[in-house]
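Next come two complexes built around chain A: one with chain B, the other with chain C.
Right, the complex of A and B next:
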């Protein structure tokens, strides 16, 4: 029998790693990948709770989270491609057109 | 010689739960290391490959948590679709031959301290929660999940399809190059 506590610790670790990546990456695609890590950490927690209480709502919500993550990634990458076409860079600290 | 060795190992009669647990912790460790590689590797393409390993590892964790449906969804959607998109974007934008460019900004130390402290707080909270053993019972049946999607959760289900459609059209509109827009 696997321990739910260890799964939740693992989820917290993945979340921390994802947050670190989102804060330090310069490449905007790297930031998007870190956000995927964070969403996966949330999903692991949802499924772990579904397993803990024998309730299926956690799994259903995890499916919705996957759908939202797909939408976010699609739009994010489209914005990135558009920005790259205009600014010729994907480095988040170089894209400062709207900075005052 | 090798056959003898395999026979000896098989004769040891390692209990099944021990093998299962060792594989579980091996998967956790491998996934965590791959996640670390996602955020630290210099080459963005390599970190995309590490992301694939991480997502497959998470799918394996879903299998251990008795939700086969979500594991399959994870591999189909994340590894199959989203990761392909990310690799496409990497190929379209990054100058892969340029290795000298800095991939991390100057906030490395501050971010490490912040996320380390956050993880410590979360870990203490999780350990102090004293979560008990999971409820008995096997997997949630797939037909039960499908029925929930079309009865109790039909509004969010339809809503997510609308969101995906809007995202798709928005992505096409954003990335579409108009004529004379060079």
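Right, the complex of A and C next:
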């Protein structure tokens, strides 16, 4: 039987993986993907809690999160493509044109 | 008739100002300005003279400065002596300036020449009008400066520049004596006025008085080119010929004679000073007369003749012949100016000064030659020309003083005078040209008319002092010496004429008839005498080795002293302050700048580490955020 604890542990694991990825990836696309993982970890929690309490608003929240995440990722990718055209790289630490 | 004698010198002063300031614009007109000014001066002099004869004396004076509470008056003195000098200076000056317009017509500094001439006229007329010692000293120096300017007028020539310096420095030596003498007079009496001289001469301190008189005479020795300061006058012939005529023959060099005559009450009270004056005068007259026998430069012959004649005047004054000396001063001014202008006309015509290259130009320059010969007759003492009367007066006064050595030398000198003047005349005007391309031509009228006017004066001016006019001059300019009763005047007059005739006859025999008067053997034996004369008694050489070289040497050593010691101290001081600045610089650099830089470095050091935190990498910032979050969570959990 899969308990709420398992689900939350799973989401915590995904969050941890996402956080690790967001902090360590050099590739900006990887960072975007890791952020996606973090958001989805939150979504898992939302959906799980909605099931637990029988409240559908949690699911609705998750749908909104997925929507905004998709929009944010699209914007992020668009920026990345523009940056790549100028800097010829997608590595976040190489994009240092405005650094001191 | 107008009587403003104090205006006499002011016209030339205005002409000087106009010519020196606007000379470039005036161009040839500057001559007119100067001539108009001196004509006005001459007219005023004549009117002052006429007024004086009528008995009205105009004198002006104003307080100039205070000495020990007593005001020194800057004033003019109009008496017989100054009137005579005024007439001589202004009339001759005007004639010479007219002549100069022709002589200097091609000169590129034409207007400056006339500016200097006007300045000289101003100074000389003021000198003559001065009524006190200080004023006369000021103008005494001013005429010296004008002389310097005009001798070295063609300063591109080294010889002219050097002659100017020589004239100025040599006369300065005498002027130092003059200044000390004036100071002594002022100290003895507290009065600088000539009018007080008879009172000053009563001073009981005879030694000081005699010393003062001799020192004042030193000034005259320098200015009137007397032995031993005569060396500058022959060199002064480097100047333009009108300058030689005006300054170095007629007027400025006579200023020394004028000074002695002006201070005559003082000299008359000091017999010892008079003896000095007499002997200096006669030595000069004789020496210069002998040198003039052998010189070959036309202007230098005249220069030595001038020195000799000035010596004559001085000697006459020294022998008590006040009237004779001043009379000769006046007549000499006319005929010597004429001689110089004639010489200038000759030089203008033949472009050489060496008489050995001239000859036979009488027919080509008739007016010049005729007037020159008239002047030569006048200076030789042929009656009834001007020089005869004044020279005769001098000889009479010398004889009357009982000083037969002086009389003898003066008589000999008058033979020499006649001889060298006619040697000059015969060589220059008669015979054949000694140079093939001697294209003599008569000078323009502007030059010959002054010659004729001066010739007129040279003939007739002597009559004012002759028995024909009852010795009018002797009564006009007199020092109360009375008539020379003791002297056989008629005999001396005859002897004087004889001297002139002998001199002319010897010259005629030697240079026209070409007789060999002296056997060859005698001439060879006396070659040393000729050498001595042609070297001017080696006076220049003596001065060169006795004074100029030691002074040059002294200057050289002083220069070395300056360079090594004085400059050394100065340089050492400079180096020391350089060293001090170096020390201060390093203090600034290390301590003061160190503090400032240290403060900056400290800030840099601290902020340098803190800066590392700001990496610019968003992931780092996120890490910090997460870390912070984790810490906050932990803290909350622990509580």
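Quick notes
Everything below uses one rule, namely that the second predicted complex is superposed on the first by the 99 of 100 C-alpha atoms of A that agree within 3 Å, B and C clash if a C-alpha of one lies under 4 Å from a C-alpha of the other, contacts with A are read in each partner's own complex, and residues count from 1 in each chain.
Just so we're on the same page, contacts are C-beta pairs under 8 Å (C-beta built on N, C-alpha and C of every residue); 3 or more make two chains touch, one makes a residue touch a chain.
Model, not experiment: these values are computed from the prediction.
In the superposition on chain A, A:6 contacts chain B only, with no contact to chain C. By the touch criterion stated above, A:96 is placed in contact with chain C alone, chain B being left untouched. Looking at the shared chain after the overlay, A:79 reaches chain B, while chain C stays out of its contact range.
Using the contact criterion defined above for the overlaid structures, shared-chain residue A:87 touches neither chain B nor chain C, since it reaches no partner. Within the superposed three-chain model, A:23 lies in touch with chain B and with chain C [touch as defined at top]. Chain A residues 19, 23-24, 93 lie at the interface with chain B in one structure and with chain C in the other. Listed in rising order, the residues of chain B touching chain A in the complex are 17, 20-21, 24-25, 28, 31-32, 35-36, 38-39, 44, 47-48, 51, 54-55, 58, 61-62, 64-67, 69-70, 73-74, 77-78, 81-82, 85-86, 88-90, 92-94, 102-105, 107-108, 111-112, 114-116, 118-119, 122-123, 126-127, 129, 131-137, 140, 144-145, 148-149, 153, 156-157, 160, 163-164, 166-168, 170-172, 174-175, 177. Against chain A, in their complex, chain C makes its touches with residues 611, 614, 616-619, 622-623, 626.
Here chain A touches chain B in the complex through residues 1-2, 4-10, 12-21, 23-27, 29-30, 32-34, 36-37, 40, 43-44, 47-48, 50-54, 56, 59-60, 62-64, 66-75, 77-82, 84-85, 90, 93, going by the rule given at the top. Taken together, the chain A residues at the contact with chain C in this complex read 19, 22-24, 31, 92-93, 96, 98-100.
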